[in-house]
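These notes open a run of structures that come right after.
After this come two complexes, each holding subunit A, first together with subunit B and then together with subunit C.
On to the complex of A and B.
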């Protein structure tokens, strides 16, 4: 190595080094730390004494009824995202793209807004809106002419995921709308023009031309929706009160949080929590692969 | 025949869009105007427009005697000047929530001589005091959430986290971006880029347990520094990605001519590259700052004392503690969302571009 390249390398490292070190220590290292933790019985009450225990934490998890309960709720959240937020976002983006409404900038900015508000604040707001004496109850009273009617879905374990699903759609649909809109706008319009000249109808253009061109964007959105839904914590945390109600609506990240940071009597709380956290990653990789597989099957079918 | 289908499409489009826009906006509108309503008004009619806190000219006040459940805005031990303590009879009456301590020396004798239990109307007071009380009544929910929830301090904490972390994200991000885009060592650069790109898959939520353990080992939990470092590290992937893309497209001849003039690499970076990178720096700053402003779990786990809590955590605990004071809570919610909305509406176009760029390429 010549003296010149050595000096250049030093300068290069001077530019990359500081940021990269912070990144490696705080983002990359914890991933391995978390993996290691989940195979130990790390005991924070005894100053962090630990032994390797193999798959013990994962075995505990698979026999824990709370795990299955949170998994079920989390799958509901994933389904709401994939089959609620994405289609609605797509329809809204398509309407904007075809310039079917005026004041499109106004509509766009309104629908996109919740994306940038604090999820905790929005969660608290929806909690108030859905409360027994809240604005939603009042609407029900006005519509049903029954002054004692109340919105009770938040109170029953059977129905609590409906209002939560609604709030989730409210919060995130705008994000997918923007993604689709950007992809629609950079789409090559020649094919649509050609299809129009060939006498294709609006529906035919949509199904045969636009949808296939957007399959990439749909795939990306699905990945983002799955990963985001499995990690989503704030909104459901804020919409529910600690105790029975939050347990009814528990999703995996909340299960992880309660295990690691609220269940002080469990001496293996951090190890068990890490196992849950790693399980979330495994589940999200599995679901993303599954969605890719389904996407490929569908695409293959369309090509006859 | 007139194109019936096109008209139908338009009508359906408008119906969908207007209803969706209303669903999005109405809850926020309700939050804003209701934050100027007293608790009694909210119980009476949850949809009515604010009245009691706004039109307070005729409000009645009751003179009360000093007691233990009052929180004095001055030290009653040292400040012995005679005062008339009055409490509102309209807003949270008898709950000692809206109490004013008027110096008797500023009052006309007829009012200064009132005894506990006597009542007076707001308009009977001297104009200066009347205006002050009137103004404070209007902002009652906001001042209460500020003082009782300690939200003013948390507001500043949130500002500190957002600004310092964003600054570091920009400094580190553009430095790495410059090195990757404009320096030799392409193989190392590709490696660095792929490692940092993986950061997109990792969120604070997914490594919160090891983060907590690591930071407790080095005594950085419950410190501003620890929280800022974590935000910086997790903000880097987006910053590196966007600034690398941007700097790569800048003409290389500019830097070469600077080198010919004898400028060092560092100098070329900050006097030539950085000024040209401002557009993408703005985009990265807004996205990072908004994300940090709204982040919740990290501070919830790391901050154990009131000194380091951020606004979302403060608003959350305030709302669980004062679940009966809906007006105060709504004011707290507005305090936490208003700055984000301001930034959103001022920089909307850049935000949209940044989000799309980050999501599509990431």
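On to the complex of A and C.
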């Protein structure tokens, strides 16, 4: 190794080393630890003894009805994010970019506003809106002329994901709108002008010019939406009260939390909780790979 | 590249100079501290937040204690509600055990400490001249005391009664369930709820409601603990009948259908704003009645006679051992820390602080010896003491039942109240999960 390459290597390590160490200790170590934990019966509160239990935690998980209930709710959250937040964010960004409304700065700020608020604050806000005799119930009472009418969607596992989906769209659409707006603003406007000269309509410009050019941003947004949806905990936790509502709206991270942190009657709860969090990782990787594949098939033109 | 190397070298040199300077500084500081007596650091986990009395009082007490005891430092982490429980589990699991912590001895407040083997018998540390030992119940199998309760037993099933509002509708204090039912039409006409409960919170159904009902209907103050121990079954007819009382109360209009959408804060505020004749909650909710007129007119009662209740349990209320601050095994392992921790606990439970807790409505009665009750104590606090003196105490469900079975029971009662499940279904699920 020459003196020059040695120097280069030292510089390279100087730059990469600290980040790599942080990654190994903060990200990689917990992932591998969790993987090991899920194959044992280890409970750190019960001393250092542990046994290898094979796939026991995963078998328990796959026979637990709460796992499937949580998975179903998580898939709903993913669908709301991918087919709700992203298209709406895209449309809003397009409207603002093409100046189809007046006072676009005002609308841009309004849609992005939830991003400035704490998720817990937003959760409590929506919880209040949907509570007994809360604003939503008052509107229902006004419309139905029934003073006892209440907004009861939060009480049923069949309906609870509607109000939660609505809140999720309200909260995160602004984030995707900003991503699309930034991409639209860096786009070469000559292409749009050329399309206009060729007599293309607004719809044709949107479908044939803008949409293909933004396919990369759409794919990135999809990955962000899937990853965010699967680890989503805070908003749903804050929006629901302990008991029936939280059970109805249970997603995998809440299921994992309740199992590992609250179920004292299960002495293997930390190991079981790790199995659930590993399942979240596996599902995330599978869904992100799928979206990547679809992105490539649609000629996204970018590697992610 | 050379330029970059030079810049990096200058930066590293500067960093080295700063490190040497600070090391020299800390050596000087070490010399200074060597002369002073060694400071004992007590790591504590406190319960409260900056917006409630518990938290505000904790900060004030720590500050004044440290001023009076400069050789002791109380290093604390203060959390409230679910965040507290979550952090306790995380800290114990990671081995970061505090020396002093807010804890209990039951299935909810004591379970993580018990599991981690961190419960420490404080009996030998508790000064019998300061505390009335008759008021501190045994918490372990051999009479161990794991924490100093903030007050005497914690009544969880109080029927807060707005006497003035009831009288304004032309009724008297109810003696039977039928008396409550008779109030429904008049209350409805006036746009009021009869009994308000924070039914959106699952725990409220277990701790504040069902704990009273099962004892009344079974005639056994310890039916729940016996069921957890396997002597009774949650599928027994008496428990199913107790669960059926929920649907009966909802059908009769005694408890509103919308109660499953009412959370803790809204429940207290509804009662405080005269929107309900009664409120079901634990004794601690007395401090949350912010309307002084309502607080003045509030009687603290047990549920009136219920249909099918056994006479031996008439007028009973469910009560658990009050939570408080305890020293952990880790804290007790170092005698200096243990003594400093006990000194702080005694300061925390001193007469003025305990009386303040009584005024704030946080406790029923002190566990101290020879204290003087101030004459200007709020009337609601005096009534609380009266209830504690007269009512028989029964088991609180979540002091014995925990985990998935307790969650299923709480959510199940919410399902019954909202017409989504039958008492039989809920009872069967609880029994199945408990015996799993």
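Basically, the second predicted complex is superposed on the first by the 265 of 304 C-alpha atoms of A that agree within 3 Å, B and C clash if a C-alpha of one lies under 4 Å from a C-alpha of the other, contacts with A are read in each partner's own complex, and residues count from 1 in each chain.
Please note the rule applied: a contact is a pair of C-beta atoms (placed from the backbone, for glycine too) under 8 Å apart; a residue touches a chain by one contact, two chains touch by 3 or more.
Note that the structure is predicted; figures quoted are calculated from it, not measured.
When both complexes are overlaid on subunit A, subunit B and subunit C end up clashing with each other.
Set side by side, subunit B and subunit C differ in how many residues of subunit A they touch, and the one touching more is B. Touch criterion met: A:270 reaches subunit B and subunit C at once. Judged by the touch definition given at the top, the superposed model places A:261 against both subunit B and subunit C.
Applying the stated contact rule after C-alpha superposition, one finds that A:150 touches subunit C and leaves subunit B untouched. When the shared chain is aligned, subunit B comes close enough to touch A:18, but subunit C does not. When both complexes are overlaid on chain A, the residue A:204 reaches neither subunit B nor subunit C. Contacts of A:244 after superposition: subunit C is touched, whereas subunit B is not reached.
In the superposed pair of complexes, A:45 makes contact with subunit C only, with no contact to subunit B. Where the contact sets of subunit A with subunit B and with subunit C meet, they give residues 11, 44, 133, 241-242, 257, 260-261, 270.
Partner subunit A is touched in their complex by these residues of subunit C: 1, 4-5, 8, 82, 85-86, 89-90, 92-95, 107, 111-112, 115-117, 200-203, 205, 257-263, 266, 402-405, 407, 410-411, 414-415, 418, 420. Interface residues of subunit A, counted against subunit C in their complex, comprise 7, 11, 14, 43-47, 127, 130-133, 137, 148, 150-152, 154-156, 241-245, 247, 257-258, 260-267, 270. Residues of subunit A that touch subunit B in their complex: 5, 8-9, 11-12, 15-16, 18-20, 22-31, 33-34, 37, 44, 48, 88, 91-92, 95, 100-101, 106-107, 109-121, 124-126, 128-129, 133-135, 138, 170, 173-175, 178-179, 182-183, 202, 217, 220, 224, 227, 231, 233-234, 237-238, 241-242, 253, 256-257, 260-261, 270, 273-274, 277, 280-281. By the touch criterion given at the top, residues 5, 9-10, 13-14, 16-17, 20-21, 23-25, 27-28, 30-31, 43, 46-47, 168, 171-173, 175-176, 178-180, 183-185, 188, 192, 195-196, 198-199, 201-203, 205-214, 229-230, 232-234, 236, 240, 265-266, 269, 290, 293-294, 296-297, 301, 311-313, 315-316, 319-320, 326, 329-330, 333, 336-337, 340-341, 343-345, 348, 351-352, 355-356, 359-360 of subunit B touch subunit A in their complex.
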